[in-house]
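In the two complexes below, chain A is the common chain; its partner is chain B in one and chain C in the other.
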Partner chain A sequence: MTKGWTLYDPRLAWMLVAPVLLLLVVFLLLPIAMMAVYTFFTFVTAGVEESTLTLANWREFLTDSYYHGFLLKTLRVGAMTAVICGVLGYFPAYFIWATSFKHKWMLLLLLIVPFWISFTIRTFSWINILGEQGVINVALLRMGIIDEPLRMLYTEFAVIVGLVHFLLPYMILNVYVSLESIDRTLIAAARSMGCTGAQAFREVTLPLSLPGLAAGLLLCFVLAAGSYVTPQLLGSGRDALFGNLIYDTIMGQLNWPMGATLSIVLFVVLGIFAAIYTRYMGMSQIVKGLGG
Partner chain B sequence: MSQRMGNREGRWAWRLTGFMTLLVYIFMFAPIAATVVLSFNSSMFGGFPMTGFSLQWYGKLLGNEQVLAAFRTSLWIALMTAVVTTAIGIVSAFALTRFEFPGKQALSTLVILPALVPETILGVGLLVLIKAVDQPRTLMLLVLGHILLAVPYVVLVAQARMVGIRRVYEEAALSLGASRFSTFREVTLPLLIPAVVAGALLAFTISFDNTSASLFWRPAGVETMPTQILSMLKISISPEINALGTVMIVMTVGIPLIGGLILQSLTKLRKRREPKEEF
Partner chain C sequence: MPDTLQSTQTPRPVPAGADLSGNRATQPAVEFRDVEIAYGKFVAVRDFSLAIAKGSFVTLLGPSGCGKTTILRSIAGLVDITKGRISIGGRRVDDVPIYKRNIGLVFQSYALFPHKNVFDNVAFGLKYRNVSKAEIARKVGRALEMVRLPGSEKKLPSQLSGGQQQRIALARAIVFEPEVLLLDEPLSALDANMREEMRVEIKKIQRETGITAIFVTHDQEEALSMSDRIVVMNAGSIEQIGTPEEVYDTPATAFVADFLGKANMLAGKVSASTGTTATISLAAGQSATVVSPRPLAVGDAVTVVVRPQKLSVGKEQTSNHLSGRVLSTSYLGGSVIYEIDIGGGTMVRCHTAINGKPAREGEVIDLGFECDGCVLLDANGRRIS
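Right after this comes the complex of A and B.
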């Protein structure tokens, strides 16, 4: 079969990647292309549309401030989540990297364990913390600090807490991977040249760990802005994000052309952020972060 | 003097870092701990305070036919996903690390896209496509969708491992007359076993855990474990859900942990048998 083929023949490579390539084309590229076409279809009634081309869906999206509000809120929640993850995530990443603790693999393992626990379960478990009968309210009531339960669940605060909880491990691992690639002699060199620990951190460690931080921020932002389950479980109707809007438009109103339009909008908007990021940082850091 | 000041500052900064790390770990695990504790609560309501110890919610869970059906569905889908994704992911990673071919860079980027594009968009896209070609939603479609979602992770894990395996081993086997296929089976694959196991476990958990995309893709009337939990949560927060959550946590954390331990002891055994190699 390999007669006349070179050792690392491109033809063999194409045969090896064929199944994955086929899957990506049929289940990723074609659907997105089809969705783009659907945005120009005419909505007739629930579940029915015509292939008569129209700009009505785009006009509706561009002129209706209802959609703009959703988009802005989604981007705001995504950005807040990413920044909080960055601030909270840097400390453990730095601690695990710098500690002389013998069993630091355990600290790393504990960060990976949440990836194994069902995301739905991790999300709803916040109801047991933030709810009226949750840990915080029951404890504060018992201690007599408050007279009636605080309303924390079904607010934007709860949605952001849930998203941060889901995305923090991504951030910590990204920053940790980038800290781990720093040549430690650089820090020793800075110290021997008279830098204080704080200066060495500010001038050497922090700048060199920024690629990981940037990759973490992008990942957290994109995944938060595209979320559906968290706002559904922890937010009220008012805290719904763009993903919920898309779901309701398609599964509730059965307005497929509008749902496709909204999906393409979210895809393009998040794609722009990802493109700006790769323009400056390249893809390699994201690959490292995802591959653990 | 300034040196000592620096040291004191450094100590405080280090303490603050340690304290924040502790807080983050508490933040990560407190809700999970609360869920596990509450699953043993004898109260009718799924919340604090604890009124007594009880296993009744686990008993009730065992008798819940809907939950058991969803569990079987998810298990079946996740197994299929793990097997297929590992197989096609490993050979792709092999091609992407060992070969040079036009379009390789583009393909490497394309492969990780399913991990970056929000599931809602992937979900809608596939639905629009099958609506356009007038196909029904089937279990097969759901499995293929899950494979798409798991492929990036399997490929990345396998690539990371493959980069560390020097190709001279394979080339030695080839030059000694082994066929390409037997070289892959006898040399590459055994060296890749850790990536195969890690990839398969990852693909399994990604599928078993998938919620958003499954809501779009599942055939009418079919519930997977996560969608079942979502529909139970719509009705009320019953202690039964906490019990279900605990069972799932024990399963999904226990299986990879045991897998990892077995793998570790296997490599230890092998190391003991073979002389250590140094490069």
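Right after this comes the complex of A and C.
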């Protein structure tokens, strides 16, 4: 191997991705593999397990409808959050894209500003808004519209509000990026052939921004379904999601094998969703079409 | 709905009194009157007046940034004009929104819808014109035949080559029989061979359909070979309008002479003048006697414009003689282009057929041109006529 280095040398490529690969293997693949092994360990009592291999954990998960209920609910909350984010997020993204305002970058910066505040603190803020002594209840009570404070905090509603608050910027950015990649002469072309503005939107802008919307939906769904802090802070025990169940199993019951089983379940289910979605929403197809 | 906003597909009978400029048949397809277009404070086009005859092929030719695209966009309604008026088929269109103007547009970047197949792309304009399904299929099929891509209905634009995409874009623009076809540098993204082929094809389709076409380019060869009339533009205004022969042989300004075919500009002063000829003493030191359309005042500064093709090499019986040192020789097979320093800091280009051996760099050669093989410009760079 006396050959000199070239700019697109595969060896160079490997060297450049090596640190990331190493990081992924050590901190992602290995832990997941260890978790997978743990699912076959035997639970003895709180905090104690044996390395005797057993299928008991999997049998318990597959037969106990308690877990299935949590899983379905988690997927439902994730889906609702994603759809709400999609509906609420498309308009600001479209606005930022369409505006002739000179300082667009400022609008985009505004999207990122919330990230400067800790996610937990942002979530806590909803307690002051939705709580019994929160802004909404106090205002409604003062105005005499209600006699008793509404129960908004510690409900599924509060959880979804918190998740939407957390995930909306991701949706907006995803949609914005795909709008930005649309060649504006396409819209001029559609208009010149007889489309009104609204028709041109339906024929050109909307379909061509769907890849971004689809990517945003997937991202929001996966992040919402895998969330743990938001339902912990804003939901009651009944509004817990799968992530809270895992936390409770591991930290509360100290049942590590079962906790590992549930973790792998969530990981696999969300992974399968992402894979099927990417395959059948034809995202890669659409992206390819745009490349031409 | 106001009367003027009604469908533009079929020529509507003109209400009495609205049509003051003669009957429709002789009306220009597109007419600009004193149009000015500004982007904010920047005036991109000014004093633009132009009448384009029905069925003709008109080219807007000019350097980058001179406002060609802006003019096209104003016809389509994609930019608003700030002064003057534009009429299409005798109808003033200032208030007609873009989607009701019935204009076919072909863009430099093709602008095919990437998510629609060829059929849906071509059918697009028909879909918004209340055409029946069967009729759409028939018209699309015919348009695809016209651009020689029949059977490609199911393909996506990304599965076509650049030239094929441009053909589809053309089919899409003509399928709904627009009043005017606008083409914005449609060939500049193609390679040289493809470009020539498409040139012929576009011209053929334009003739067959009899559509009025406005073609934008900064390529003089395209302009000269395709157009019925050429509009030479510079910095937002018109320099000259004429047939290809007119603008090439008798450039109205120094800009046109230089932009079309890089003519030689020989500066000089009138030393003698009769009614039909003028003798010019050139800054390069020589003197030349040329045909002059009118008597000139002795001492006036003029420029003699000579095409590189009108300069001949050798001591022939031409009426004017120059000589100079060859700076460079470009051998083109059948012909050769010399760059020659004729003194006084003047460099001329000579494009001539080869007889014998081409001259080498550094060699001193004789040049000549006929007294009627040139055009005279005055001190302001305008043709003396």
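Just so it is clear, the second predicted complex is superposed on the first by the 260 of 292 C-alpha atoms of A that agree within 3 Å, B and C clash if a C-alpha of one lies under 4 Å from a C-alpha of the other, contacts with A are read in each partner's own complex, and residues count from 1 in each chain.
Basically, a contact is a pair of C-beta atoms (placed from the backbone, for glycine too) under 8 Å apart; a residue touches a chain by one contact, two chains touch by 3 or more.
Computed from a predicted model, the values in this text were never measured in an experiment.
S.K.: Using the touch definition from the top, say if A:Arg122 reaches chain B (first), chain C (second), both or neither.
M.R.: After superposition on chain A, A:Arg122 lies in contact with chain B alone.
S.K.: Thinking of the overlay built on chain A, is A:Leu233 touched by chain B (first), by chain C (second), by both, or by neither?
M.R.: first
S.K.: In the overlay, answer first, second, both or neither for which of chain B and chain C A:Thr196 touches.
M.R.: The answer is both, since A:Thr196 touches chain B and chain C.
S.K.: For A:Leu88, using the defined touch cut-off, is the partner it touches chain B, chain C, both, or neither? Pick first, second, both or neither.
M.R.: first
S.K.: For A:Leu186 in the superposed arrangement: first (chain B), second (chain C), both or neither?
M.R.: Touch partner of A:Leu186: chain C, not chain B.
S.K.: Kindly classify A:Pro149 by the partners it touches after superposition: chain B alone (first), chain C alone (second), both, or neither?
M.R.: The answer is neither, since A:Pro149 touches no partner chain.
S.K.: Please determine whether it is chain B or chain C that touches the greater number of chain A residues.
M.R.: Partner touching more chain A residues in the overlay: B.
S.K.: For A:Leu208 in the superposed arrangement: first (chain B), second (chain C), both or neither?
M.R.: The answer is second: A:Leu208 touches chain C but not chain B.
S.K.: Overlap the chain B and chain C contact sets on chain A and report the shared residues.
M.R.: 196, 286, 290-292
S.K.: In the complex of these two chains, what residues of chain A are touching chain C?
M.R.: 183, 185-186, 188-196, 199, 203-204, 207-208, 286, 288-292
S.K.: So in the complex, the part of chain C that touches chain A is made up of which residues?
M.R.: Residues of chain C touching chain A: 76-78, 98-101, 103-105, 107, 109, 111, 113-115, 124-125, 127-129, 156-159, 172, 176.
S.K.: Going by the contact rule set out above, which residues of chain B touch chain A in the complex?
M.R.: 2-3, 6-7, 9-10, 13-14, 16-18, 20-21, 24-25, 27-32, 34-35, 38, 45-49, 88-89, 91-92, 94-96, 98-102, 104, 107, 109-122, 124-129, 131-132, 144-145, 147-148, 151-153, 155-157, 159-160, 171, 174, 179-180, 205, 208-209, 211-212, 215-216, 225-226, 229-230, 233, 237, 241-242, 245, 248-249, 252-253, 256
S.K.: Flag every residue of chain A that touches chain B in the complex, lowest number first.
M.R.: Those residues of chain A that touch chain B are 2, 7-10, 12-14, 16-17, 19-21, 23-24, 27-32, 34-35, 38, 88-89, 91-92, 94-96, 98, 110-111, 113-122, 124-129, 131-135, 138, 142, 165, 168-169, 172, 196-198, 201, 219, 222-223, 225-229, 232-233, 243, 246-247, 250-251, 256, 259-260, 263, 266-267, 270, 274, 283, 286-287, 290-292.
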